[in-house]
Amino acid sequence: MKIHEYQAREILAKHGVPVPRAEVATSPAEARAVAERLGGSVVVKAQVLVGGRGKAGGVKLAAGPAEAEEIAGRILGMDLKGITVRRVLVAEAVNIQKELYLGVTIDRSRQAVVAMGSAEGGVEIEEVARTAPDKIIKVYAHPMLGFADFHARQLAYGMGLAPSFASDFTRIMRGLYNAMVATDASLVEINPLVIVDGKLLAIDSKILLDDNALYRHKDLEALRDLDEDDPYERAAREEGLNFVKLDGNIGCVVNGAGLAMATMDVVKLYGGDPANFLDIGGGARAESVAAALKIILSDPKVEAVLFNIFGGITRCDEVAKGIVAAQGQLERKVPMVVRLLGTNEEEARRILAEASLISATTMEEAAQKVVAQLKQG
Amino acid sequence: MSILIDNDTRLVVQGITGREGEFHARQMIAYGTKVVAGTNPVKGGQTVAGVPVFNMVKQAVAETGANTSIIYVPAFAAVDAILEAVDAGIKLVVCIAEGIPTLDMIEVVRFVKENGARLIGPNCPGLMTPGQCKVGIMPGHIAKPGKVGLVSRSGTLTYEVVKALSDLDLGQSTCVGIGGDPIIGTNFIDVLEMFQADPETEAIVMIGEIGGSDEEQAAEYIKKHVTKPMAGFIAGQTAPEGKRMGHAGAIISGGTGTAKEKIAAMTAAGVRMAESPPRVGAVMAEMLKG
Amino acid sequence: MKIHEYQAREILAKHGVPVPRAEVATSPAEARAVAERLGGSVVVKAQVLVGGRGKAGGVKLAAGPAEAEEIAGRILGMDLKGITVRRVLVAEAVNIQKELYLGVTIDRSRQAVVAMGSAEGGVEIEEVARTAPDKIIKVYAHPMLGFADFHARQLAYGMGLAPSFASDFTRIMRGLYNAMVATDASLVEINPLVIVDGKLLAIDSKILLDDNALYRHKDLEALRDLDEDDPYERAAREEGLNFVKLDGNIGCVVNGAGLAMATMDVVKLYGGDPANFLDIGGGARAESVAAALKIILSDPKVEAVLFNIFGGITRCDEVAKGIVAAQGQLERKVPMVVRLLGTNEEEARRILAEASLISATTMEEAAQKVVAQLKQG
Amino acid sequence: MSILIDNDTRLVVQGITGREGEFHARQMIAYGTKVVAGTNPVKGGQTVAGVPVFNMVKQAVAETGANTSIIYVPAFAAVDAILEAVDAGIKLVVCIAEGIPTLDMIEVVRFVKENGARLIGPNCPGLMTPGQCKVGIMPGHIAKPGKVGLVSRSGTLTYEVVKALSDLDLGQSTCVGIGGDPIIGTNFIDVLEMFQADPETEAIVMIGEIGGSDEEQAAEYIKKHVTKPMAGFIAGQTAPEGKRMGHAGAIISGGTGTAKEKIAAMTAAGVRMAESPPRVGAVMAEMLKG
């Protein structure tokens, strides 16, 4: 789960990371008031959960309160990559001498927490990783010790920082790690971490939370910004479904994440365009299948649906019941191709006999048939 | 022969008193797996599916000689269950649960390694040596005994491929679902090494998906160490960047972990990549013919 | 460092350990008021840092407020093993069904934190360890994981607890461990941990803190009860000296803990009776030597002083200067035997030439000479 | 020969820029120890006592081939210094500092073992192979090269015994101060094993003190594995219960850890126990005579 910059900033500050003075504003007048309190120039930053805000015009410098108000007026309500800006962070502007990058994340191959630093801050670290990987210095946390002070110095000196920064850098790195552990984050990042008047300051903060750990962090779950969720994905999450919205016109209902991805791939392979990723999960009941179908068809772009079920724990008859139940309530009818295999598949076939569905034996056949339906139409 | 599990496997089912635990205990017993014990932290003394239930894995090991464990407890209790099994001396622990926090898994895999044990999963369908032993939730009837080893990050996708192989009479030595989480106990390379060393495994199928770089690393390993014919498939060619595709580990981030890279790496390592899961069977059949 | 029961109790409660309702009282009237608030019978417990309070009459049951006041009146001001009782803890009396023991401490040989439990609670665990060691169940914490829940169940079931207690016991054990880590304790103990109405309750709590870690726990250092310190030891601590008061009449000033113990042993071997353990530490300065001498001689029982210095880091001339400086200010004169060896010993001899001291070459000779002085006197 | 340190020891002094660090660096150099580098986290680039100073132990190892480290930093910084040395690949780390919290040491010793390194101390005087190398704070002039190995929990008490041995012309192979803390990197048994295996060590002196049960465990080990003549002393026969006698580890608690028990155990293991530190020399001389 992503959280906003202003939320990440507060978490880091609580863990001892120095951040510039700043406040959130939801109206131009508030932005003006914040700028007055801060004094001097300020930066007005759109608070949206998408990358590349700066390039898209969501981050602007204001010389004082009047300009802050004017800029906030322009940014608030702006559409940034499909998201409407509802909040800005108004932060004191500082005189940046150098921009660095510092982040902690999980190294899957090493099965360890890794801290990455780079003297090339302010740009996307993935870009640096691609073009100049040797400019990224890495140190790995020990699962018992976390990061020791010497790890921080290895990183700092590796990044070319002078010894005078070692102590501040150590505190910041410890802050990042502690914030990561305290929130079960999968990424805690400062980009840029800047040098201002011989001191380090975290100008922009980003935290990604581990969805699997949210059950033990009710306070963090509460930070979720429902405004920014895709409405289909939000509806699916409320039904306990693993759903990702895509741009195509063929809805997919599948059990299992790997098979769901493979089903999308096969649809594409035969010239179709999947409208979504959907894993109904192991042992799904009729109700969740029906809910899934409703969510998929609430997107007017969807013109056909493909069911691909390989029943292991999942019972095909439950899926069939869900399809029949949903069909009765649907406002619009689209062609549906069904491929059910495994546990209770014969019972499922009986249930579906009366429904007007196109059946298929293999997933390839199912994909071909659903694509063919659209070409006919 | 086979890898990891066979007729000598003596299984303890952790969480046997739960709905899933009991259901799959019965399925495994029906398949022929020697399920010797079950555990529940507070319900010791019962009998479930004809199997004695203990409070502690230690007791189960002492009294039944269990050497393998399968865990059917919810994610929030799964970490403790893995640790308990390893502490009790179990050398092969299989964890089905999906949803274990990643930072917890870093500690778990460390503990497992310290103790010389092996963990399969979490977030995996378990494993199966057709005709001998099934540990997990794979549907037994789709598999046939044979000489193709299969390793996969995914569950139902594995079934799809197993069925495709069996339909073409390509039986399997062992099918291993390693799980879809970012941090897992056993990775592709571990299983490839075992298949390469297993004299009765003559060919290998590897099913990957987007996210991480396990497939790329496996490709490096294959290039150097695997001499047996290999077919493969990577799921998620149409997956968008930055979105978790169901599995916690299946996410393309910062442009890395794409299916394209993985397919290229595996192809370069000599693995014949199929265009769809069912085609894996045909590809493998061709390789074994020619 | 020891802290009081009522202080330990608060720390454990903060870490989720269930404790009986209780309050501290410093006067009989306060004890009555607490008993009134609690209702029913109460236990009045002397708060002193010595063991065996119960046997010494420092713990009494009172049927109600009036009796609580009367008993508090008797216990407050009482002398318990040399310590004056200044506070009592007034706790609700509970209907104990079973007494258990649970403690976490450090196993030096295993180099690990160990949790020890026994169904034989309420008595001294050392006594159980001596007479029936198999009645103590131990589980060891993993340095990375601490205690997992299964560890707690192993301990609980090993102690013979029923499964119905497993979940509470797990929470209590986690509380003990977390309290230990949070306070850098060397021992956290509940004795007895009791079963009351099918639930577990920590009746008496004990925490020993690691002196070496107090520097990072200013809040805990503040819990030190100066009233209960030996006044000589307190004075020595303020001077940064390692000092332990003993009952004899020969003061000892030594550098190094091992040599200081050995010096006491040799004094005893030759028929003397050491008045103290004192390690002036490596590299001690003249001022601390002078301070040490003053502290030792402020005990009227001390009739002679033995200096045993093997100078490595410690410079003999500094010690000699300290002796001379102190001598000038001392109110009473006692025989002093000095054995100085090592770094700058010749300079030391020159400094001491004019002081009226008895010199010795070996520590055995020094011990014999100081004992001889007392026999003469 | 000798154990642990000798003419091949290449020493890095962590904390060389401090008062103690510089003083003892000079002392060690004067004794003949090959001090090749010093470190200070922020003062790299200086030269102290003729030795180059680095910011990181890693650099010191890379540029000077240091293989042993001695740590002269205050207790609050000592844990990090030990970890850094081990992480840098140093295989013998000596820590003088007194006052490291015990719970920290549990993690430190684990990390040291995981990395196949050895830690001497903390709260110890270091070690010395007379005539070759001195790593620590022992006064060099009292020792003589020879064939008696010495291991002790205490500092100045060790000097007393070393002097007694040298005065009787009983030179030492290596003198090891293992430290007075409850959790230490190297215990009596570790050192006894090395002395027993060292062909040039012909007899062993072991100096213990109250607290813990290391001496009792060493006695068990001696009974089974040590064939060389041994003399010993235990300090603290007159120490009261429940009081820390200077060393964090020197405390009798719950009636265990007394000098009486330790003396009895060592005597039973065949160690000749002396009544006082100076008498250790005479006892050893008698044993070696016949």
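Some observations on this one:
By written order: A, B, C and D. Residues from 1 in each chain.
In this text, contacts are C-beta pairs under 8 Å (C-beta built on N, C-alpha and C of every residue); 3 or more make two chains touch, one makes a residue touch a chain.
Here the structure is a predicted model, which is why all the values come from computation and not from measurement.
Among the remaining chains, those touching chain C as well as chain D are A.
Taking chain C out of the picture, touching still joins the other chains into one piece. Looking at A-B alongside B-C, one finds more C-beta pairs in contact between the chains of A-B. Rounded to whole angstrom, the centroid-to-centroid distance between chain A and chain B, based on C-alpha atoms, equals 28 Å. Distance between chain centres (mean CA atoms), chain B to chain C: 55 Å. Taking each chain's centre as the average of its CA atoms, chain B and chain D sit 50 Å apart. Across the assembly, chain D contributes 107, 110 as residues in contact with two or more other chains. In chain A, the residues that reach two or more other chains under the touch definition are 143-144. Taken pairwise by the contact criterion, the protein chains fit none of the simple patterns, being neither a path, a ring, a star nor fully connected. Working note: touching chain pairs come out as A-B, A-C, A-D, B-C, C-D.
Partner chain D is touched in their complex by these residues of chain A: 142, 144-145, 148-151, 153-154, 157, 163-164, 166-167.
Listed in rising order, the residues of chain B touching chain A in the complex are 20, 75-76, 99-107, 109-110, 125, 137-139, 142, 152-160, 163, 180, 182-183, 207, 209-210, 212-214, 217, 233, 235-240, 243-250, 253-256, 259, 275-279.
Those residues of chain A that touch chain B in the complex are listed here as 106, 108-109, 111-113, 124-126, 129-130, 143, 180-181, 184, 186, 210-213, 215-216, 242, 244, 246, 254-262, 264-269, 274, 277, 279, 282-283, 310-314, 341-343, 362-364.
Contact residues of chain B toward chain C in the complex are 41-44, 55-58, 79-81, 83-84, 87, 107, 110-111.
Across the interface of their complex, chain A is touched by residues 143-144 of chain C.
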